[in-house]
Amino acid sequence: MNAFLAIVRRDLKLAFRRGGDAANVVVFFILTVTLFPFGIGPEAAILARVAPGVIWVVALLAAMLSLDRLFRDDHDDGSLEVLVLSPLPLEVVVMAKCLAHWLTTGLLLVMAAPLLAVVMAMDGEGFATLLAAMVLGTPVLSLIGAIGAALTVGLRRGGVLISLLVLPLFIPVLIFGVGAVDAAVYGLTAKPHLLMLGGLLVLSLPLAPWAAAAALRLSLE
Amino acid sequence: MSSAFHRFANPARFMRYSAVILPWSLWITAALIAVGLYLALFVAPADYQQGDSVRIMFVHVPAAWMALFVYTNMAVASAVALIWRHPLAHIAAHGSAPIGACFTLIALVTGSLWGKPMWGTWWVWDARLTSVLVLFFLYLGYIALADAFDDGAKGAKAAAILALVGFVNVPIIKFSVEWWNTLHQPASVIKMGGPSIHASMLVPLVIMALGFTTFFVAVLILRMRAAIVGAKLRTLQIALIERGA
Amino acid sequence: MTDFAGTGLAAHGIACTRGGRGLFEGLDIAIEPGGAMLLCGPNGSGKTSLLRLLAGFLEPADGWLTWNGRAVVEDIQAYQSQLAYVGHLDAVKRSLSVTENVEFWAGLQGADADPLAVLGSLGIGSLAALPARFLSAGQRRRLGLARLAVAPKPLWLLDEPTVTLDTASITMVEALIARHRVGGGMVVVASHVTLDLPGAAVLDLRALS
């Protein structure tokens, strides 16, 4: 447990001290969503109709932007070898790094979401569900994204490739995330959608670190 | 250095068998596709609603089946490669990918061509077409990843991991897309092939599917043989350079 | 220093290929507690690859490794937790302070190490509070090597540990290695700089290719 927390604490420290990166993700999220009213017009009815979709899609893109860094620094400065040799199984190391990643990206997206829901004239009925869906969905993005980050960590132009690898895998999260909010807005129950998101989280929690660890070991060869 | 050469000396058995199978599979493919196309274009009845344009189904549906079948093959080959380290498994998986991608593209294009006379638009977000589109991106990701590595062996292993991850996701993606599609029920109800397929339509469908399968086998063998010979060539080139140095 | 028991590390007929080229094959190695092995050979002869193979990062193209008599491949995780690897890269996080780097390595290993003592064994105790990005190349190298003093590991694998170090620092590293060996530890070092490793077996990789 101590080793797990040591990794989370270190990654959080590194994220704060480098500062810019986490801020970039949130700024991108807010800025890009704010572009939509400019692009499609300020009519509230139209904005409200597309609000859940827009917010989720941009959240996905923002999460994806931050993935390249997840393992790259450790790979480039030799820390990856240290992590592999630690008594902690590499899968648990990956979980720790995903947790730290989520705390510095996904969590910030969740906190920015209500603001953006207002910007997109989203119906108040959907706010709570949006938050719940994002709390369930954004960790899945970090976990699945870790697979893409681990597979491309040694590549020079890995960042571009990550989007191609990871976005198709994000689609279920997008579908159920938007479905949940739409259901809430139309007065239906969002429970089945939230349950599906929860299911995705439960599924990716053991499987994604396993695949990412295999990819990381491959990068050390 | 003899051992590096030994690694690729043993696909000899595969080369022998494939040399025998290849011409057979090519001929059988030609025969099946010829028969299938004849039945599809001339014998199968036109649909009472869609007329002759329903015949695109005889290319579209088998292509979509192949898209999934080839991906399954890729995943199985990748698992074999990662678990049992059989060198041919990587070659089989990597060789299948572009073939599967092409089948997927054919399914998408024929689906689109079918859509125009049937629904009046070039693209419809029907659950099946959407799933095939996502599958297409999975194929592209696999090919891009494998080719992004300077070290081919590492690229093959990374792609193998991706293939397995993608394979686990295919049912999830399919399920979520179908869910999404029923939520956003399109105005016209789409039925591909109808609830019960008459024998006159089923037979050409199956024949085309079999023809596509033997086509896949033939092209895969060609690609695997080319990959093996290419690897041997590289080994010889390296040995030549080392001897000269 | 902890006393290590066991029969040590052995490699049986291992072969290694990189990028399609064969580096070496049929290599047998045996290192017992207290033993040392020095790898030498020109660049590209496979020193780093051999070290990484011994660290379990690479798989041998042929042959197998045993640790204390048991095949490494049966439980790589257990084997890797018994070794420390210091390669070309120093694994130092520039944004953290020197002490924070040491504390992280200690926390990772679950070890209760005193950062000042650890840093002192490599003569960089005075730099404890500095952000690591202010260190010179030699100081960063020594910080990377300080990892060895954080938690006791029977096997040390060192790849060119003394590059960028001055003579005084090299002596400190030699002393560190000597203390480790007295306690039964083993070390495999790749170095083109002359190191004082009394009784070390020498493996010249140039002769193998």
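Letters A, B and C name the chains as they come in the text, with residue numbers starting at 1 for each one.
As a convention for this text, a residue touches a chain if its C-beta (ideal position, glycine included) is under 8 Å from a C-beta of that chain, and two chains touch if they have at least 3 such contacts.
Note that this is a predicted model, so its numbers are computed, not measured.
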item: Most distant chain from subunit B by Cα centroid; value: C
item: Most centrally placed chain - per-chain CA mean versus overall CA mean; value: A
item: Chain pair, B-C or A-B, that carries the greater number of C-beta contacts; value: A-B
item: Rounded Å distance, subunit A centre to subunit C centre (Cα mean); value: 37
item: Gap in Å, rounded to a whole number, between the CA centres of subunit C and subunit B; value: 47
item: Centre-of-Cα separation between subunit B and subunit A, whole angstrom; value: 31
item: Residues of subunit A whose C-beta touches two or more other chains; value: 221
item: Residues of subunit A defined as touching subunit B within the complex; value: 147, 151-152, 154-155, 157-158, 161, 164-165, 167-169, 171-172, 175-176, 179, 182, 196, 200, 203, 207, 211, 214-215, 218, 221
item: For the subunit C and subunit B complex, residues of the former touching the latter; value: 15, 17, 19-22, 25, 61-62, 209
item: Complex interface listing, subunit C residues touching subunit A; value: 52, 55, 57-59, 77, 80-81, 83-85, 87-93, 95-96, 100, 104-105, 107-110, 144, 147
item: Subunit C-touching residues of subunit B, taken from the complex the two chains share; value: 1-4, 7, 151, 234-235, 238, 242
item: Residues of subunit B touching subunit A in the complex; value: 82, 134, 137-138, 140-141, 144-145, 148-149, 154, 157-158, 161-162, 164-166, 168-169, 172-173, 175-177, 179-180, 183
